[in-house]
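Read through the structures below before going on.
In what follows, subunit A forms one complex with subunit B and a second complex with subunit C.
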Partner chain A sequence: MPNDLDSFLFRFVLEYLQRKGYKGAADALKSESKAEISEHFHNPSLDIDDHVRNFLEIFLNVREEEKSLSEDYAKVYRWIDGCLEVVRVELGQLAYPLLVYLFLDLIRRERYEESQKLLDDWASKFSEQSVREELFSLKGVRKREQLNENLVAQLYLKHRKDVFVSQYAFELLCDFLVEHRLTCVFRCLMEHFHIRIEKVSQVEFSEDLKHSIGFFPFRESEELRKNDVRWKPLKESDYIVQTSSLESSTPLESTMTDKEDVQPSIPLPKYPLGAAVLETEDDKMRRVSLGVESPPSALMYTFSNTYDEMNCLDISFDGSVIVAGFSDSFIRFWDGKECGQYRLIGGKPLIGHSGSVYSVSLSPCGRFFLSSSEDGTIRLWSTKLERDLVVYKGHLFPVWSVEFSPLSHYFISGGHDRLGRLWTTDRIFPLRLFGGHYSDVEVMRWHPNCCYVASGSSDRSSRLWDLRDGNSVRLFGPHTASVCSMAFSNDGKKLVVGLENGQIEFWDIAQGRRYSRVEGHKGPVWCLDVSKDDIFFASGSSDCFVHLWNVTALDHSLQSTVSKDQLLVKSFQTKDSAVYCTRFSRKNLLLVAGAAL
Partner chain B sequence: MEAALRKETCQAVAQYSLGVESIPEEVATAVIEDAEYRLRQLLQEAVKFMRNSKRTKLLPRDINAALRLENMEPIFGYTAPQKKQFRAVKSCPGLYVLDDDLVDLSQVLEESLPKPPVEPTLEAHWLAIEGVQPAIRQNPVRDQLKDAKTRSDPVPVEALKPLKHALSKEFQLLYDRVISIIRGDDNEKKKACLRELSKQPGIQQLVPYFTLYIHKEVSENILFTERLFSVMQLTRALISNSNIHIDPYLHQIVPPVLTCILGKRLCSKWTDPHWDLRDYSSSVLGIIYHQFGSHSATLQTRVARSLTSALLDDERPLTTRYGAIVGFLSLGVREVQICLMPHLPFLSRKIETELESNDADSERRLSLAKVYGALLLAAHVCLKQNNQDTKKDADSDDVVMKEDTKDNAEMSSIYTFHMDTYNNLDSEEKNRMSSFVPKFDSLMAVLYEQFGDSVFPTLSNYL
Partner chain C sequence: MAYEYANNNNNNEEEQVVAEPEDAKAVANILKAVGVESFDTRVVAQLVEFVYKYIGEVLELSKTFAEYAQREEIRTDDVKLAISSLLSKSFTQPPSRDILLELCRERNAVPLPPVETYVGIQLPSKEFQLTTRNYQLKTTRENLSMEQDTTGNTSLEDSQQQE
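Then we have the complex of A and B:
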């Protein structure tokens, strides 16, 4: 668009010169310019409509005597604020990005004092959680050189802001800008915005937009939504070794199945029936059937004397092993079967990392676990041998999250280097890199069918990645805060995201649509898990509560948004211990772990 | 978010900690702007470390982790949990510094190493059983479960509101009047007032307020014997009022009474009549013990336990020990025999040796004499009881029936003893001092009269 602007200007000047009869000057200008522009020039006055002509005239007149931008912005802000309700919602989405872009423009033109004044005057109007961090970061920018280093500034400068407005609203805005000769604002709109004119007013979008006025690549999200996601669970034959007697019949059946079925995109390990990784018949037989009337039992593991040092926790599916990572680089693990009888002191300390341990993940069989640390390494440990087996070096910066795949063998990690990685346990280098987030990857989770992984980031978005090619196939967001935890439902249809501000979002993977967003907790949601029959999600938080959410309400409801009351079934309060881990056992017993404050 | 560093800060830092005399304004501005930018960057990184450590509080180690991430040297010395306070620098507004403590290295090296932190412990318990949180120690108390939500049977919110105890104007006036009389000096009015309080059925509504008053008055005026005395009189009046229901408030009344018996120091001068206060309070305790002991399961054991611990703790002063002894005396003969007698030899020997040594000052001597006197009284009570027991053995009929009445008789005699001291107090204030020591002598005389020479060998059985 800046090129467009230049060419507009060029054409206008040329026309002006010709009209006034300065032949020589016009020729000189023409010869200076590129050939392509002069080609267009043959019909000069036709493609410049009245609007633009008006604008350009103002532009030429006022350019030199630019007034304080802060005042200009004040005019726009107040005008938007005083608009009709219908229009206000639409134009309201312009207010914040306009402020950011005006600020960045001022910095770029080295008008530093004005830029600070602008931000000082107006930043307080936008105090929502979602933009607080952006504003905090932007406020530090004082010099043009810092623009290149500042992440937020780069995000805004490299991407155009997508805005959907109705024809009527846009005309109103243009009239207003022309009338008050707010050229700077107009130029900013032309340069940095991608205004899409919609026939129908987009008011139903508004609720969403109001909550997330910060940066979000809407266009990419929309394009990714066109991808197909085969979310169905795997067939048993994909990961269970077939006994010879069955083998004759099953291949025929599997060839008959339709295309919708999921083919594993990576070679999966196969297990014989009854392996520790798999659910046993006993698990299925004795699974407690849950419902709103029959909520689950919850077993709580309370840690004391952790002195804020404990960073992460994982419990095996049967509750037999509990692993915790500490900020003094220790990992301790406890035998869960012993702790019913008496207090366990100390646990077995494991030494290996040279920095805080930020994530631990037990393998489904409970014999191995992974840990990720500040020192940029991931280690594989054996609970039987009580020592580390492999060091995986790949990340350069702290690794925030690591998770074993549901079928063991593979694992994923994500960290401060904004990348996610796919590994197998028998290779010390990553198999896939998942790049695309604008900030740290805070959480990585496996899709239950092992074809996809999800990553949640502090850029307030989550992505779904295809393991086959390592490309992003979905972009969920914008969230209202950084992602702290995620969980897939077992049928692979839903993704639940827990945020730092205590909100919980429920997303439909296939459609890329959000079912609902609820004010779940009063503190960051540290953990999420789903019951085996996909009825409850359990969320735990630093506010000492475990909430149970009824997910089936999402399927039944026809409304676009489901309220908190419809979803929240039960809350359990712990005795002043922040909840670090919630996990449903294979028999639907809820295992909760937390550290006493 | 609004905080911004000032260029004066840069100049001050340059001057004081780097030794650069003066730096131009533009340089200072440029440097400080960049410093602020770096600081914001650092804070953003530090917050990520905080989040991934599952904390909601930013700690020095998060800042250090962020510094390491940016390839900078961490700042040491601030990770210890002690609180440090920033101090404003007067000459440079907007600049705050942390004072560095001076540490004597040799002293640090000589000191024994600090204790290692306690190992983390793990405990498993039920958070919920089929959706219901069991009332166990590890779960929060039911009252705290306000936010707990049950869908099947919604609890009406109104029911959870705290009940407001409204007091009518008349009652407020009455309460104020009673308190002012009890605090005042007019003995006649006070007596009348107390008499009324011990009979009136209409003061039930005021009971919680009186309880609170007793509690507060005792804790606030621990050194004013007179005030404490008035409070104990009020307490006695309340508990002897059979027309009101005071049981639910006993757990609040007993601790102040115990304080008035066992307090380390209940006087501003040692000549204050705090011994009498202890005697009187123990009589109050005796009434509570016998009147309400049967209603409340734990009251008797609780009282006996606190008295025993006061008696046997060597750290406690003599005043507390005296209180414990008279306390036991007020509880009854059986308690004296069970709890006090086994320790009598030990206690009396200690006091005798100290009394003989003769080098204590008069305060100490008085205390010793009082304790010794109380011990003798206890011995006397027991001996008398033994005497009766032997008689009873001779009679050997309907023992059970008589035992209670005998006990009561015994009790009342002790009370009269205490009541006497109380009456003495009422009548004369000045020469209380003189009345104490003779009492000890007269007691000896009484004992001697009753037992003759045999008192000493008999006593020595116990001593």
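Then we have the complex of A and C:
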């Protein structure tokens, strides 16, 4: 008996080594052993556990060259389709990743024709945009050497796919695979997937699972959810220099402040009362109070004759200055105080960049602005001097987004090099690098308490970054398309994300979960802004609409997709102009700007 | 604006029918395979030119490698080496994720500098601003002759002292 077991195991190991291509090890094993090796190998008649024997039998009896993976996959796909509803939802999330991993396995084993056939047969079954893009990229992989260069392949090979199933569904699947001897599929499952047995199916995941989605690091997202996020707004004493008369009252206040109040995590500039950066008393007194019964009306600036070259717009916090960046590297700005609010004239072109300008951001005081461009630089401009002052070089690739901090002094930028950067206006090198996205960073936004920044990327995820150490504290996703715009609510609790397919998602920062997703627009949502009292937020898009949504209804909603009617309060339709910028001024007036193409 | 890809043969019936070069056909097929449905003929011509130039560069470089190894003929290893060395020069891509994360770790370890109270905006030191004077004044001829008599300093040094 022991001898049989030894020789059996020996042959098993030898076959395994030969099959995997480890010729050196196989030869070494052969030369070291003195026993004879028989080429043919039939069922061993051993007294081992039946289960183990079946398992080994399956592994040994399969000769890969005769099996067609495409047919195997077809069997699995059809079986999943034919399952019970509950099981189908859970196992449906396997269908697309399994296709990708089988394809990659075929490429690794150099069975190129089969791999192409597999993709050709099955790629059409998946219609989600993100999935189609990934499949398109994978189609280009024809040789094993190309695997290293293909980004999608690398993403899938380096990370194991997390699959959430219940015990019952998983056992069903295993039984099916063993019964039909689909060993390649089974082996692929074991190697590339990380099966997580969940007892209670989570509502959120079931919504995501209905559609196949591209790559998303679920595990990282879960781990990050354990972090604490301090989302409350700052106290005024953190950024306003207190005069002596107020100091006597602060000891009283400080004893009453609860421990949950946020301490600023980065050194913040302090301003004396009356600085242009801060809100004035006038702003607070004259703030228009909005409500569902009294929604705001919008003032729209339409730019004509832009020939589709205007890339970005920004409106100042008091609504008087508008800046626009163009594809011919010019920047124009209009100061409403000089030329009157209703008809902007002037707009001298400011020359400085050497590539299209993709993003502009005005400082809170309205006298300076930043612009980011395709040439990889960010420039600081002065509206009074009408020229650029400083060049910030760090990104060597197009910079898609730049934003001044609400307290000035700092600014953030994100670009094609997949990094977000934190800068101060007085240093030409960045202070913090935010790396973690798998694709370009499209949008960067400040949190109202200046402790965090959010970045949205074209890898269909958004992240929240802690400024003190540059680490990611939250991972929001998966979105259904790449991120076009983001906005934080003024109380710091919610993050609104506008996507390229017109959907808008609402996320709870503290818990890292999505409140809901709305089919907002028919085109990419280019801009979002929240009103100062956190009741409304406005979204503008290329479908010529500005929608006003009531955000307060979300706090009590448990569904993951709220219908449009429940949230939408008012819609403004422009004649023919895509909306590039929406801004609620400090007095709660809604200002909108767009281009009539 | 995209034009439909027009086959020359259909339009110019009176002129001599010129066969499309095979390279152009290959490039057109590549474009279709990538998903580009309609493209101008000039695009194909430009791409063919680019392909020629690139292949020429690669082969030249691989010839240099083969000569360095004292071989007459070019082997696939030479070509592979040539391709990878040209990759870093011409087709730059953002660095890989591991390098990026390493960079981030290094940079984020430095604590943030403190901020003073100020009004307006703080600019970096003069040498990094775009409004600084990036020229020097030449002194006039009179000054030049006077200085040469007395001190023997060059005018350049003088103007620097004046700053």
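Criterion: the second predicted complex is superposed on the first by the 509 of 597 C-alpha atoms of A that agree within 3 Å, B and C clash if a C-alpha of one lies under 4 Å from a C-alpha of the other, contacts with A are read in each partner's own complex, and residues count from 1 in each chain.
Methods note: contacts are C-beta pairs under 8 Å (C-beta built on N, C-alpha and C of every residue); 3 or more make two chains touch, one makes a residue touch a chain.
What you see is a predicted model, and the numbers here were worked out from it, not measured in a lab.
Q: Putting subunit B and subunit C on the same copy of subunit A, do they fit or clash?
A: Aligned through their shared chain, the two binders clash on subunit A.
Q: Quick one: classify A:Gly336 as touching subunit B (first), subunit C (second), both or neither.
A: first
Q: In the overlay, answer first, second, both or neither for which of subunit B and subunit C A:Ser297 touches.
A: first
Q: Is A:Lys143 touching the first partner subunit B, the second partner subunit C, both, or neither of them?
A: A:Lys143 sits against subunit B, while subunit C stays out of touch.
Q: Classify the contacts of A:His416 with the two partner chains as first (subunit B alone), second (subunit C alone), both, or neither.
A: In the superposition, A:His416 touches subunit B and subunit C alike.
Q: Of the two partner chains, subunit B (first) and subunit C (second), which one does A:His159 touch, if any: first, second, both, or neither?
A: A:His159 sits against neither subunit B nor subunit C.
Q: Once the shared chain is lined up, is A:Phe397 touching subunit B (first), subunit C (second), both, or neither of them?
A: A:Phe397: touches subunit B and subunit C.
Q: Does the superposition put A:Pro430 against subunit B (first), subunit C (second), both, or neither?
A: The second partner, subunit C, only.
Q: Any idea whether subunit B or subunit C touches more of subunit A?
A: Between subunit B and subunit C, the winner on subunit A residue contacts is B.
Q: Determine where on subunit A the residues touched by subunit B overlap those touched by subunit C, and list them.
A: In subunit A, positions 136, 397, 416 sit in both the subunit B and subunit C interfaces.
Q: Can you list the subunit C residues touching subunit A in their complex?
A: Subunit C reaches subunit A through residues 35, 92, 94-95, 97, 100-101, 103-104, 107-108, 110, 112-124, 128-131.
Q: In the complex, go through subunit A and note every residue touching subunit C.
A: 136, 241, 266-272, 275, 352, 363, 365, 367-368, 380, 385, 387-391, 396-397, 408-409, 416-419, 424-428, 430-436, 438, 467-471
Q: For a test of understanding, state which residues of subunit B touch subunit A in their complex under the given definition.
A: Residues of subunit B touching subunit A: 1-2, 4, 30, 33-34, 36-37, 39-41, 43-44, 48-49, 51-57, 59, 61, 65, 69, 117-131, 133, 138-140, 144-145, 147-152.
Q: Name, in rising order, each residue of subunit A that touches subunit B in their complex.
A: Answer in residue numbers: 120, 123, 132-133, 135-137, 139-143, 146, 292-312, 322, 324, 326-327, 332, 334, 336, 339-340, 343-347, 356, 358-359, 374, 397-398, 400, 416, 440, 442, 458, 482, 484, 500, 523-524, 526, 542, 545-546, 568-576, 578, 580, 590, 592.
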